[in-house]
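Taking it in order: structure first as C-alpha cells, then the write-up.
Letters A, B, C and D mark the chains in the order given here, with residues in each chain numbered from 1 onward.
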Amino acid sequence: MSIKVGFIGLGAMGYPIAENLAAQFDLAVWNRTRSKAEPLAAKGARIVDSPADAARESEIVVTMVANDAALESVVAGDGGIARALAFGAVHLSMSTVAPATIRKLAQVHRDAGSILVASPVFGRPDAAAAKKLWVCTSGPGAAKEKAKPVLDAVGQGTLDFGERVDAANVVKISGNFLLAAAIEAMGEAFAMVEKLGIDRAAVANAISQTLFACPAYKGYGAAIANKRHSPAGFGLALGLKDVELVLKTAHEVDAPMPTASLLRDRFLHALAMGRGELDWSAIALGAREDAGLKN
Amino acid sequence: MSIKVGFIGLGAMGYPIAENLAAQFDLAVWNRTRSKAEPLAAKGARIVDSPADAARESEIVVTMVANDAALESVVAGDGGIARALAFGAVHLSMSTVAPATIRKLAQVHRDAGSILVASPVFGRPDAAAAKKLWVCTSGPGAAKEKAKPVLDAVGQGTLDFGERVDAANVVKISGNFLLAAAIEAMGEAFAMVEKLGIDRAAVANAISQTLFACPAYKGYGAAIANKRHSPAGFGLALGLKDVELVLKTAHEVDAPMPTASLLRDRFLHALAMGRGELDWSAIALGAREDAGLKN
Amino acid sequence: MSIKVGFIGLGAMGYPIAENLAAQFDLAVWNRTRSKAEPLAAKGARIVDSPADAARESEIVVTMVANDAALESVVAGDGGIARALAFGAVHLSMSTVAPATIRKLAQVHRDAGSILVASPVFGRPDAAAAKKLWVCTSGPGAAKEKAKPVLDAVGQGTLDFGERVDAANVVKISGNFLLAAAIEAMGEAFAMVEKLGIDRAAVANAISQTLFACPAYKGYGAAIANKRHSPAGFGLALGLKDVELVLKTAHEVDAPMPTASLLRDRFLHALAMGRGELDWSAIALGAREDAGLKN
Amino acid sequence: MSIKVGFIGLGAMGYPIAENLAAQFDLAVWNRTRSKAEPLAAKGARIVDSPADAARESEIVVTMVANDAALESVVAGDGGIARALAFGAVHLSMSTVAPATIRKLAQVHRDAGSILVASPVFGRPDAAAAKKLWVCTSGPGAAKEKAKPVLDAVGQGTLDFGERVDAANVVKISGNFLLAAAIEAMGEAFAMVEKLGIDRAAVANAISQTLFACPAYKGYGAAIANKRHSPAGFGLALGLKDVELVLKTAHEVDAPMPTASLLRDRFLHALAMGRGELDWSAIALGAREDAGLKN
C-alpha cells in the first residue's frame, strides 16, 4: 500500500515536485490559492482545506513555501502541521529559509511529537519537473531514513549534512553566496575588459567553456556580458536577503566574511539605483558604474 | 611539404606541446637547458643552439617561457627572435605574462618586420599532452590565420579576442582572477560551516556536484575543505603576481576591482604567514584565521 | 520658581549630569538601584520610587540608561514615563540607542500627549562632571526650546539636527563609526611601520601632534601603539553594536558603507579571538595578525 | 660666521621655507625657473646656476622638489648634488617621495661621501611661512645633529624616527593615508545622513567641534558636506600616488591594509569619473554615488 504524503505550497517549484509525488504516493495537497491545486486532482491527488488536513493522516508532509513567515504560519499557526502530524511523522521543509527559523520550528515539532527534517533543494523549476533536483538534508537520522522514498522521488540525489537540523539550510544559503560571489567577480572582470576594448561576450563565453564549464558561469556570464537582467530568474531583493542570512549566520559564530560584506554593499547600491525588481545578477552593474561606464 | 615551426621553452607546459608539434611539423626546438630537449630529437625535432636559430627559418615560432623577463630576453635580447624571424613570420607567445609586456614586444616585432600573436592557454600539463588545451588568441587577423594549423595542433579549440594584441593575456589573467575569487569565497563559506559544526568536505562535495559542477570548484573545493595546499599546482607567489597584474591592468583604465583588492590582501596575509611555497588555494586559510580557527 | 525636572538613570554618565542639574533645578531622581541616588539627596534632589514618579510633576524628564531595552521599559512599560508626563511635557533621551528605537518611542509619547526630544551626548564622565558635554538634539522645535535651560546646564553647547526625531541618534552613532574608522586606519598604519622596524609609539605621537591634534587620535593612537586595550573605556561588544546600528540605519536608505562593513568584520574577528571584554580599540590587533605579527 | 646652506626647489612649499632660511643662514638657492628665485636675492640669498652650485660650498643642502623623478635628477643626475657636496655634508630631503627612492638615493650619497637625511614635513604653505611646519626626520644621528639649526629654523618642532633612512617618508605617507581614511569615512557617514534627510553641514560641524576638534576634520568635513572640491589643496591624482606608495611599502613587508585597498578603489573611481584635477577630498563623492545620490 502506498505511503501517505502531504504537500503544502504549489508555487513555481512546489507544483512540479507535487506532480511527481502524485504519481507515486497517496498525496494530499494544500495551497493557499486552491485553484492552483486543481490540475493535480486529475493526477490522483486529494485537495484538502488546510495545512492540518494535509498533515493529519500523512507519514510525511512536504512544504515548499515562499518565505520564513509562510513557513512559520504553516507549521506553528492555528491549523498548522506541527500538532496535526501523528507522533513520529516527518516534515520535510524544502523552502530556502533562515537556519534560525529551522531551529525554532524544529523545537515546535519536537514539542508536538513530530520531526522536522530540513531538505532545501538546488535546482530550478525545470529541474524539479525532470526529477533532477539535488536535495540537501539535515536532522535526525531515523526521520531521514523514513523520508527516503519521498526524497528519492524528487531529485537525482540526496546530500546529507548530519544531525544538526539547520545544516542543510546553511549549505543552501552558502551556495547562493558562492553564486553571488561569482557574479560579482565576473562583473568586475567584464567591466575591466570592456574598458580595454575587449568583447565582454567573448570573454564570458571563453571562461564558461574552459575554466568554469558549468551552467552557473555560462548563464550568469552571458547575462552580465549582455546586461540582460530581466526578467528575474531570482530577484535582487531575495538575493540580498540570502546574503544577509549568510552574514547573520556567520555572525552567530563570529566568522567574518569579507566577500559577503562586499556583496551586501553591492546589493544595497543596486537597490539605491532602483534595481530591486531585476535579476540578482544586476549587482554586476555596480562594477561598471565604479569604472565610470554608462548603464 | 611540412610547415617549419620553431619552439622555445620546454618546461612542464612547453614540453608536451612541443611533443605534439613534432609529430606534425618540421620542428626546431631550443631550451635553456639543452638536455631537456634531447628526447624530442627521437620524435623528429631538430635541437638548435639559440632562440634565433629556432626562429630563423621558421614561419611560426612558439614560446612558452617562465615569466616576463624570460620572454623579453628571448624576443628582444641578443640572439632574440624578433630580428631572426623572416619578414611576416609569426611569433605565438603562449606564456602567461603581463599585457603591458605583450604590447611592448609587439612593437619590437613590428619594428623588426615580424608579427606577435598573443596565445596564452588554459589547461594543465596533462591537458597539453592530450591536445586538450584551450588557446586564447589576439593580434593581427592575417597572422592568426597563418598560425591556425599550429594552434589547431595544440588544443581542442581557439578562442579569439580580436586585434588588440594583449587582449588574450588580459583574458588569461582575468580567468586566474576568477579562480582566486572562487577560492576565497569557498574559504569564507567553509570557515563558517566549520564553526557551525558542519562537515566542510561534505559541503565542498555538494556544491561541486550541483551548482558548480566543474573541475575548478571540485578540485579547489576539496583542497580547501581538507586544507591540502601542498604540493603546489600553482604557487601562491605566482597567484599574487597574477592578481597584481589584474589590478595594474585595471588601473590603466581606472577600473576599481574590490574583489581583486580583497584577494591581494589575502595573498599578502598568506605570505606574512610564510605560505609562499604552498598552492595558491592556501589563501583560504586566511578566512579560517579571521574566524579564530587554528590552522 | 525653579523648573521641575525628573532624572532617570544614575550610571557613570548619568550621575554627574544629575548632580549638575540638582544644583539648578527642582530635581526628582530615580535609579533602579536606589542606593546610588542617595548622595544626591544631600544636594537637594528628591529620590522617588518609580520612573512615573520622576515624571509626574516634571516639565522635563531626562533619561540616561544603559541600552534600548532599558529605555523602552522606562518609557513604555508599566509605570513608564510616557503616560505619567503631563500633556506637553518633554522627555530628553540622552542614551546612545538605535534611531529606530527613538522613532518608536516618539510615537508612544505622541500617543500619550508628551514629547520626545533625542539628546545624546558626546563626552566621557569627566566631561559630564565639568559641564563640558556636547549635546546633540533633534525633535519638535517648541519642545527643544522648552528644554533649553536643562540642555544649557548639562554641557558646553547644543548641536541641533532638526525636527526628524532620531537625527541626533544617527549623528551619535555616526560619530562612533568615525572613531572606529580612525582606530582601524591607525591599526593598519602602525602594523606596517612596526614591520618596517619603525617605532609605533613615535608615529602615534607624531600624527596626534600634527595632522590630528585631537584627543581621539592622541588617546587611541597611544593605546594602539602600546597594545593597551584594558581596562575598557568603551567595550568592544558595544562598539560592534554601534557599527551594526550604523549599517542597519544605512540599510534603511540603501546606503552602502564599505568602511563600516570592514569594521564589522574586524569586530567579529576580535570576538572570535576572545576580545569581547577589551576596549574597542582592540580591533586594531586584527591588522597586526593580518601582517603576521604576534599579539 | 653663518652656516652655509643650499636650497633647491622654490615651489609653493619651498619658497617660504627658503625665505625663512635666508634670514638666518648664508643661503645659495637654485630653482629650475630662475625668475622665481629672484625675490630671494633681496633677502640676502645668492642665486646659483645648478644644483651642484647650490651644494658645492654648503654644509647642508635642502631639497623640496615636485616628485621622485625630480629628486633623483637633482641628486644623482649630471650636475647633481651627491658628488658636489663636500665629504660629510648633509642633504635634507623634504619632498614627499617614495621610501624606496630615499633608500636608493641614500646609497648614492654614501657612495659619494655625503649623507642623506629624510626630512619630509607636515603643514601647508601658510604653515611654512609662519615657521609652523613639523619636520619628520630619519637617518644617521650625527648628520641629524649637524642639521639641527636648519631644522629648527623651518618648523615648530622635529619628530625623529631613528636611523632607518626612509622612516620619515614612511611616516609622511602614513599620515596622508590616515587623512584619506578620514575623508572616506566622513564621505560614507555624510551620504547616509543626507539620505535620511539630516543636514550634512550640521553633522560636519558637530563632529569637528566635538570628537575630532582638529583642522583636518574641520576642513575636510566642511569640504565634503558642501561638495567643495575645487580648487585642489592637494590634487586627487597625487593622493592616489601616496595611497599606492603606502600599499607598495606595506607590500614590501607583507602587511595587508584593507582600508588602503578600499581607498585605492575610491581614487580609481574618482579618476574614472574625470575628477583627477579636483581636490583629493572628492573621493568622498564615491560614497554618494554608491548610495544613489546625484553629484
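Quick note on the criterion: a contact is a pair of C-beta atoms (placed from the backbone, for glycine too) under 8 Å apart; a residue touches a chain by one contact, two chains touch by 3 or more.
These numbers were taken from a predicted model, which means no experiment stands behind them.
Judged by contacting C-beta pairs, the busier of the interfaces B-C and B-D is B-D. Ranking every chain by how far its Cα centroid lies from the centroid of subunit A, the top place goes to D.
Work out the mean CA point of subunit A and of subunit B, and you get 37 Å between them.
Taking each chain's centre as the mean of its C-alpha atoms, subunit B lies 55 Å from subunit C. Chain geometry summary: the mean Cα position of subunit B and that of subunit D are 41 Å apart.
In subunit A, the positions touching at least two other chains are 250, 254-258, 262, 265, 268-269, 272, 290-292. The touching residues of subunit D, when paired with subunit B in their complex, are 250-251, 254-258, 261-262, 264-266, 268-269, 271-272. Residues 258, 265, 268-269, 272-274, 289-292 of subunit A are the ones that touch subunit D when the two sit in their complex.
On the side of subunit C, the complex with subunit D involves touching residues 122-123, 134, 136, 157, 159-162, 164, 167, 170-171, 174-175, 177-179, 181-182, 184-186, 188-189, 191-193, 195-199, 202-203, 205-207, 209-217, 246, 249-250, 252-260, 262, 287, 290-292.
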